[in-house]
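Here the structure is laid out as structure tokens; the discussion comes afterwards.
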Amino acid sequence: MFAHNKRLQYTVRVSETNPGLANLMLEQFGGPQGELAAACRYFTQAIGEDDPGRKDMLFDIATEELSHLEVIGTIVAMLNKGAKGRLSEAVEEEGELYRSITGAGNDSHLTQVLYGGGPPLVNSAGVPWTAAYIDTIGEPSADLRSNIAAEARAKIVYERLIALTEDPGVKEALGFLMTREIAHQKSFEKALYAMEPNFPPGKMPGDARFTNVYFNMSQGEPERRGPWNQGEQWQFVSEREKQMAVDGGSGEGSVKLSTAEAATVEQMALRTKSDPTADPLTGAELKKGKEGGSGTTADGTGNPTA
Amino acid sequence: MFAHNKRLQYTVRVSETNPGLANLMLEQFGGPQGELAAACRYFTQAIGEDDPGRKDMLFDIATEELSHLEVIGTIVAMLNKGAKGRLSEAVEEEGELYRSITGAGNDSHLTQVLYGGGPPLVNSAGVPWTAAYIDTIGEPSADLRSNIAAEARAKIVYERLIALTEDPGVKEALGFLMTREIAHQKSFEKALYAMEPNFPPGKMPGDARFTNVYFNMSQGEPERRGPWNQGEQWQFVSEREKQMAVDGGSGEGSVKLSTAEAATVEQMALRTKSDPTADPLTGAELKKGKEGGSGTTADGTGNPTA
Amino acid sequence: MFAHNKRLQYTVRVSETNPGLANLMLEQFGGPQGELAAACRYFTQAIGEDDPGRKDMLFDIATEELSHLEVIGTIVAMLNKGAKGRLSEAVEEEGELYRSITGAGNDSHLTQVLYGGGPPLVNSAGVPWTAAYIDTIGEPSADLRSNIAAEARAKIVYERLIALTEDPGVKEALGFLMTREIAHQKSFEKALYAMEPNFPPGKMPGDARFTNVYFNMSQGEPERRGPWNQGEQWQFVSEREKQMAVDGGSGEGSVKLSTAEAATVEQMALRTKSDPTADPLTGAELKKGKEGGSGTTADGTGNPTA
Amino acid sequence: MFAHNKRLQYTVRVSETNPGLANLMLEQFGGPQGELAAACRYFTQAIGEDDPGRKDMLFDIATEELSHLEVIGTIVAMLNKGAKGRLSEAVEEEGELYRSITGAGNDSHLTQVLYGGGPPLVNSAGVPWTAAYIDTIGEPSADLRSNIAAEARAKIVYERLIALTEDPGVKEALGFLMTREIAHQKSFEKALYAMEPNFPPGKMPGDARFTNVYFNMSQGEPERRGPWNQGEQWQFVSEREKQMAVDGGSGEGSVKLSTAEAATVEQMALRTKSDPTADPLTGAELKKGKEGGSGTTADGTGNPTA
Amino acid sequence: MFAHNKRLQYTVRVSETNPGLANLMLEQFGGPQGELAAACRYFTQAIGEDDPGRKDMLFDIATEELSHLEVIGTIVAMLNKGAKGRLSEAVEEEGELYRSITGAGNDSHLTQVLYGGGPPLVNSAGVPWTAAYIDTIGEPSADLRSNIAAEARAKIVYERLIALTEDPGVKEALGFLMTREIAHQKSFEKALYAMEPNFPPGKMPGDARFTNVYFNMSQGEPERRGPWNQGEQWQFVSEREKQMAVDGGSGEGSVKLSTAEAATVEQMALRTKSDPTADPLTGAELKKGKEGGSGTTADGTGNPTA
Amino acid sequence: MFAHNKRLQYTVRVSETNPGLANLMLEQFGGPQGELAAACRYFTQAIGEDDPGRKDMLFDIATEELSHLEVIGTIVAMLNKGAKGRLSEAVEEEGELYRSITGAGNDSHLTQVLYGGGPPLVNSAGVPWTAAYIDTIGEPSADLRSNIAAEARAKIVYERLIALTEDPGVKEALGFLMTREIAHQKSFEKALYAMEPNFPPGKMPGDARFTNVYFNMSQGEPERRGPWNQGEQWQFVSEREKQMAVDGGSGEGSVKLSTAEAATVEQMALRTKSDPTADPLTGAELKKGKEGGSGTTADGTGNPTA
């Protein structure tokens, strides 16, 4: 069960209102790398997890992320506090209000007009949060790696937001949130390596013929190599012929059809076949008038082809 | 520039058509962990990458994932080949056609009716692919971790699809695709650790007061610990008071308002204030008729409160 | 700040696993009327709210909804507990596994294959949760009405899920969750009517010429009336002429263009104008071959018109 | 059946073109509280409704909302009329065109470049309209409440748009549209209370143990009460222990597994178990080079831990 | 302005209820090729159109599509009429209700549980309608082609639905709707060719060096040709070298940076560079325990590499 | 199988960085008419196609579109190259960085903060690409028309982008991409007319009673006609009575219910019926206080009704 205390995990002291900056902050409120995504990711994993230690950790961190969601949401609310009243009460000259709404940059008009200055669950471009951001698949050797990556991404977005902010109170709170992503990444790293084996993830081994092969699919000078495709662990395959049909077969797709299926497929093929020998007049070549086709524009240059 | 060769990277030999199985395979064609997601993830990173070695690797793997997209799409097309003709040509008894469409399970009706048996870019539930699945943020120490995690997830989904399939040709092709995810994960691991430092990701260090703290946010018996929160690396904080307002402040949000802003905020507060002392009659308590309110159902039990 | 306790708000006792039923339950986990939507709705309102009483209430109910999300998620996890292991460990005959996955009805294959049996934030059809479900707009006289309606909808969906369930433990937990929606609706009703005035919502009065008019836009027998359009409060307008251009104007749209704009608009009109006197040969009338148009199929019956 | 008359329901007289303002207006064309949402909401309810009076009302209002969609769309078209031609005909200096496109604020570039100045079904941030905005669930005691709330929200968004506009013709048309939302809300209120009983919505009564309980989930000073949780109708529960496992049980989730299921679950648990006693070296602690681990950066401060 | 008449454009006579079939019909109610998409497409074009003839046609057809939406929605409502009451009133044995909900195939559970048997604006897989389906761009030579294509697609989906239906009343109504798509396609064809020139669409001519070139990008036996790439209109380019950098340049991307930009880019490159000569130990190679790396599983086969 | 060569299909030479312009270019990278949409459209058709000539063409053009995606993505990357480093390395004064991020117009802040200056798969408003843009339905007579229309749309969007650009290198590369859309449209036109018959699309003929009818649904002066509804091919129906129930029936929807169904439907109707004779007091008419209803504000003008 969740409980709530009215004190924030970190005090939010904003120097002055700034709806444009508020909107940038939404990236970590309702954006793909933001706190709602983090909380939902770990909360759903916690519920599905059977290992008692990991389950406990996932609930711990999910709950902290919810508390972070409250901190970043409060930053947005404080930055928007002035703007919220202005539009709601319409106390200004109209032209001034319009200019303030459209001049703050970065979709802050949306926050004001549609969401009334509250913190909506959208990213900084106004795109609503979607659970498509959550990549949990219910296998810990994969999910922990997803969590490590998610914390790394969130850390970077906070780093960018800090670089954009001059307000010392906002910088300080963002610094706390950024630091916690580092701590969480460390916890998830420990949890991953406390499972053994954890690579390859899951249960099934790979096919030994293909686990150490690197296909050089992009060619042309300069060709750069690195530990990801050189050294004794790797078999480097550049020849195009050896990249195709690597099973030694024809490289074609095939299926055995029943007689009835084959007949239907044939009927469809006949009905929809193209005539490779035709040179049909096309819609793009028509000119107005029933006589049609006398002067085409088929070369697309806009000039008659004569 | 991309070029295409008509041979597949791996030969696809399907034993018999099976539209229900075809639909499950869509998970790796147009699903969140599928090949389009993989190809788009690495391709967009490759274009944005400046390090020549990583750029080359990303183009290599993006191109291979496109080739995998073709393999899994061909599996879908072969499994659907019979069904495609049946509906298009409508050669069967009507009742039979309806039963075959709705009886294959798992949304295969959608594949047939809306997409005509072709391989659409949707997951196995028919949800259209979205770039919200792509978590690239343009910082290699984060993106490489995202790639490692993405390969781990894709490996698992292939493992599950293999477990569901009896067709040996399908199993074999899926086994190839699964194995390549392992190989790609290895490449991305090498690339990550060939950057130094890579942790914490990005440029900014964390705040030393909070990098090693673990907040025990979920409490109650049994309390489980592990390397993610115990040992000398960690400071374990269980006391609720020490989890709140960790900066030592009030735990409140605040902002300095200009005089004009304060006046507007006050005006809004007055207009919308609630009266805590009222006990208003509400819509839920009304009974039909202008006299209203004589016998309420406000306890929600459906019984008159009389 | 949020805190978590390992005990649920309501004990979940499931009699036996049932992945098909698990999937139906997702409606209230990641569906539009479900608990995540409720929690997010009230949480974002709480952060943006300035009235201290309403703010407190919104945090109370948001926190309880999060606790409900945990209860319904735990129901899903218990119902899926068997299926989760089966696919992950692949201990069964393959054909059996395929049949169990596709035979449970209602997209439970998705829950198994993509989400590994965990509770994903999708509805029962597998559509990911989206913040587009949240209709908060930052004005309490509107938001409280939205909350009342949301609780009413959630109550109904629980009612339907209860009707579908035979498991007494599931019924009991769902009954608790359903009842709480009733209690929350009552709280929101009280909060709405503790604001005065609350109708019309917001600040601006309506235009007295149109507030009491009812336009009878759908006509034909039988014409039914009711308190929504009859009685002294209403002016009922059936005559089509009086429904159009009700301002007494021309009913046209117009704008004053600058000279430069008028010239550009004219140029565009000329470039794209249609010739109403033409009877052009069209693509639909073409037959294959350069000579074209000799025998059209323009009537769409598939017969030559000749 | 629908019919259309070329006259608008309200005459639209725009003083001058203004693509920035056009974009804000899209909020009520293709936004969540806009006229398409309203029309679709009532139209789908009308088709599903069996009560003849309500069905008639729903068709009436749906049809009027379609007519409003035409009015607001015409406002957008008039405001964009100049901009539409400018880009299409490219008659200006290039730099000037770029500046005019990007300088109008609020995503009007999107309206121009992608939609060519026409009124697209997107909100003011360019997010495409989605039926996820529609909350109809087919039970009138819930749907009518949803309609009341939807009208309240739409009224507020119009109020905000009016505050932003200086053009008298736009203000006047918006005032008409806003007023009609008030009238519609009144109709839906009458229809709701013409059903009896209408609370609790639906058919099933609540569980009497929980209908009048208010859980004080968010605690800390100052604690505010109001009619939503005080008075004789309410039982106010603040003690955390009494908020958990309110059924008197253990507060745990449980399910009875078959023997086969239990074995599989056990197998999965073993395969994926974490070792709580380990202190594994993790990826975050690695340094470049095969020898690894000699100097870790695990504290995330970027300093060697020595 | 729109008006509504209670009579449908085509009488709907359904023989018996069938929720599974109802769900398939949703494809043309809230699906991508359905009637809402058609109505919205033409309605938004009509509002933006300046040519009086086309504008009139677009309003005519938009209005008819709305009337078709009503016909297909009524089919859904009739097919669901029995199921709607069953769940709402819960008059059956519970097990029976569950079986009826999950046994109808194709997501009809969603229609029942979430939407209460009403016709929701989703496709047959339950995916909510989105304006992303609408491809209007505000240029008639493109939009008319989009309309022609949209009518062709809608015609096909109706054809497939007819093939699935045994109910003569449903077949008849669907036949009407299908036929009207043919008629509309014909109108749009006429309107396209009544504009001259209409190819290439828009205003700008193509670059004569590339309008008649066909790049043979997919190679391998058998190589098939047809009128789309052979004949005097086409220049067929198969040589890979002539497909790349066709402008005669280097085929590279380049940009001139300012000195400050160059310095920043260099700094970023240094910070994130990969060391191509390293062979770093990676996370995938770690084994549990602080000593690490002694026995790796790096080949992904699950076997020690010893 | 796909292969990649490091040279672009067209050399990209950008004169100077410009993140605002970069964002506009995203329209053709991750927008609905952009190159990813084109590539996916033709690639999925190619896999599903059985006609060898069309299949080959579709793979050719899909591969070229992928190569175009690389060209337009490279333009974005070059235009963003300076901005990418600035935020990542945070080398500027903070205020300056904020101004540069929010001042570039058109959501370029999103590209910088969330995507780090890389080319993301979003449109110019930041909306993620979705497969809902793809309208492939697996019938060539429809899909080829969709392809023709898609090429026409893409051509127009390029035309608009060219008009906005002053950079000669960008103009030149865009000109190439625009021209190729013309060439592709020509190929698809040829392929469409090389199928015979291709109209009406698909297999089923229309109902001869309705293929040549034009319903004049939008009425009022001035009434404009054109080849789309006049001439011997058309039967023009203006009389409203002849537009309704065109089958000659009642224009009603009906279904035969079983006895059990009828009983349930009746029970639901009774439970939810509205009382047309009531004039109930409603929530909107309530005033605060238990006595209620004494002074209503029901006319919505904000004035007491006395």
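Per-chain numbering from 1; labels A, B, C, D, E and F assigned in written order.
Here is the rule we go by: contacts are C-beta pairs under 8 Å (C-beta built on N, C-alpha and C of every residue); 3 or more make two chains touch, one makes a residue touch a chain.
Chain by chain, the UniProt names read as follows: A, B, C, D, E, F = Manganese catalase family protein.
As the structure is a prediction and not an experimental result, all values here were calculated from the model.
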Seminar exercise, completed: Set C-F beside B-F; more C-beta pairs touch across B-F
For this session: Scan A-E, D-F or E-F for the interface that duplicates A-B, counting it as a duplicate when over half of the contact pairs agree by residue number.
Result: E-F
For this session: Determine the centre-to-centre distance between chain B and chain C, using the mean Cα coordinates as centres, and give it in whole Å.
Result: 21
For this session: Could you please state the distance in Å, as a whole number, between where the Cα atoms of chain D are centred and where those of chain E are centred?
Result: 23
Seminar exercise, completed: Touching at least 2 other chains, the residues of chain B are 1-9, 32-33, 53-54, 56, 59-60, 62-63, 67, 74, 77, 84, 88-90, 105, 107, 114, 116, 122, 125-128, 130, 132, 137, 139, 141, 148, 156-157, 179, 182-183, 185-186, 189-194, 196, 199-200, 203, 206, 211-212, 217-218, 224-227, 233, 240, 243-244, 251, 265, 268, 271, 274-276, 278-286, 288, 298, 300
Exercise. Which word fits the touch map of the chains here: line, ring, star, complete or other?
Worked result: complete
For this session: Give every residue of chain A touching chain D within the complex, in rising order.
Result: 1-7, 50-51, 53-54, 87-88, 90, 94-95, 97-98, 101-103, 105, 107, 109-110, 112-114, 116, 122, 125-128, 139-141, 148, 179, 182-183, 185-186, 189-196, 203
For this session: Over in the complex, which chain D residues touch chain B? Could you list them?
Result: 189, 192-194, 196-197, 199-200, 205-206, 208, 211-212, 224-227, 231, 233, 274-276, 278-280, 283-288, 297-303
For this session: Give every residue of chain C touching chain A within the complex, in rising order.
Result: 1-9, 30, 36, 40, 43-45, 47-48, 56, 59-60, 62-63, 66-67, 69-70, 73-74, 76-77, 84, 88-90, 114-122, 128-132, 134, 136-139, 203, 275, 278-283, 286, 288-293
Problem set entry | Complex contact set, residues of chain F against chain D | 20-21, 24, 27, 31-33, 104-107, 123-127, 156-157, 160-161, 163-166, 217-221, 240, 243-244, 251, 265, 268-269, 271-276, 278-285, 298, 300
For this session: Mind listing the chain E positions that touch chain F in their complex?
Result: 5-17, 32-33, 52-57, 59-64, 67, 74-75, 77-79, 81-82, 84-86, 88-89, 91, 130, 132-133, 135, 137, 139, 141-142, 145-146, 148-150, 152-153, 155-157, 159, 162, 172, 175-176, 178-180, 182-183, 185-188, 190-191, 193-194, 199-204, 206-207, 209-218, 222-229, 233, 240, 243-247, 249-258, 261, 263-265, 267-268, 271
